[in-house]
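Letters A, B and C mark the chains as written, and numbering starts fresh at 1 in each.
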Amino acid sequence: MKIFTDELRLQTSGKGTYEISDQVHRVIRESGVSNGQVTVFLCHTSASLILMENADPTARRDLERWFDRLVDENDPDFIHTLEGPDDMPSHIRMALTRSSEVIPIIDGNMVLGTWQGIFAFEHRRAPHNRRIVVTVMGK
Amino acid sequence: MKIFTDELRLQTSGKGTYEISDQVHRVIRESGVSNGQVTVFLCHTSASLILMENADPTARRDLERWFDRLVDENDPDFIHTLEGPDDMPSHIRMALTRSSEVIPIIDGNMVLGTWQGIFAFEHRRAPHNRRIVVTVMGK
Amino acid sequence: MKIFTDELRLQTSGKGTYEISDQVHRVIRESGVSNGQVTVFLCHTSASLILMENADPTARRDLERWFDRLVDENDPDFIHTLEGPDDMPSHIRMALTRSSEVIPIIDGNMVLGTWQGIFAFEHRRAPHNRRIVVTVMGK
């Protein structure tokens, strides 16, 4: 039984979804683990992770816009506004999605569905450098 | 330390929640693991996983209807509509819930709460055959 | 490869977020694991887990209020109302957030972001005693 940890850095260019499936796969390959599972963890509270369809980019655009509408930047009830109008909505969108994803590995590959990709979901308007930790466990 | 992976197949009959706790428990028993954890992973982007009360079915009906209302099938903003009006809402409902659940195992049993069950959440109207991968790690 | 499980008990005083990062860290220290990951699991369907900013408490207040507004206690569509008006909303808020969180451990510490804390999210109005299981795996 092996455990292998690596860190990814993602430079975002503001709000949106960024696929990281290939980078995660590279860590699995490097780990030498054939059967087990990989945990992807994003170390921030104003960005998050989702698994999402990666075939048609319009699906991600609709999802991003839907979240934009659900959590209003100009919500008059917000009092945590010191870091800008996009800060508090970013925490809520993070809480509504995920910070960690655990994906099984069989024969050296993640058992993702055909169009299932791993995405970082940047919720801030400004570009950010995001830290993502990948942990592979197995044999 | 042992790692054991198995695959479940779930035939859904359209939108709704389907309990899979017993099937997951069977994989744990088969694995021979007494102490550790089980990861349940659903390999799709138009269905998801939730842990939910499994005593009173009306709780699930209310939850299903609430998600139906929150993510409107006739949202005029959606542009990803080629696969039908229930496709884009299914991706959003998936992102709002979960694709993986990790549950501790003590003495051969999941430490679920008294009325806490594991459910697949089908978001498409048409019946689908869903693939769920169960990974047991422990001793 | 080691696996270590411990149970936390959290006494809540009603709706709100309760940081448990220190208690989780104590279990990791006790486990003796330096590199691996910790899984935090909450055994209830009317409370949940989130990772959230732990610097400015107003951020949590905004988040709590936002969830209160999104899932209305007086929703006339709810039929699962026997356990009180805050019961059904609590299940939905749980499904929208998380029941398990998996966090990497490097050199004996969780790799949480600078202001990223682990919180139990109590959704019921009455005080509850919540059971949280912490599983540490690694070397």
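Here, a residue touches a chain if its C-beta (ideal position, glycine included) is under 8 Å from a C-beta of that chain, and two chains touch if they have at least 3 such contacts.
This one's a predicted model, so the numbers in the text were calculated from it and none came from an experiment.
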**Prompt:** Same or different for chain A and chain C, where same means more than half of the interface numbers show up on both copies?
**Reply:** different
**Message:** If I superpose chain A onto chain B using their CA atoms, what angle of rotation comes out, to the nearest 5 degrees?
**Reply:** 120
**Asked** CA centre of chain A versus CA centre of chain C: separation in Å?
**Response** 19
**Request:** Give the residues of chain B that touch two or more other chains, as numbers and ranges in rising order.
**Result:** 1, 70, 96, 98, 102, 137
**Request:** Give every residue of chain B touching chain C within the complex, in rising order.
**Result:** 1, 35-37, 50-53, 56, 58-59, 61-63, 65-66, 69-70, 96-98, 101-104, 106, 111-113, 115-116, 137-139
**Message:** Considering only the defined contacts, which chain A positions touch chain C in the complex?
**Reply:** 1, 3, 5, 39, 41, 43-45, 70-71, 75, 77-80, 82, 88, 91-92, 94-96, 98-100, 102, 131, 133, 135, 137
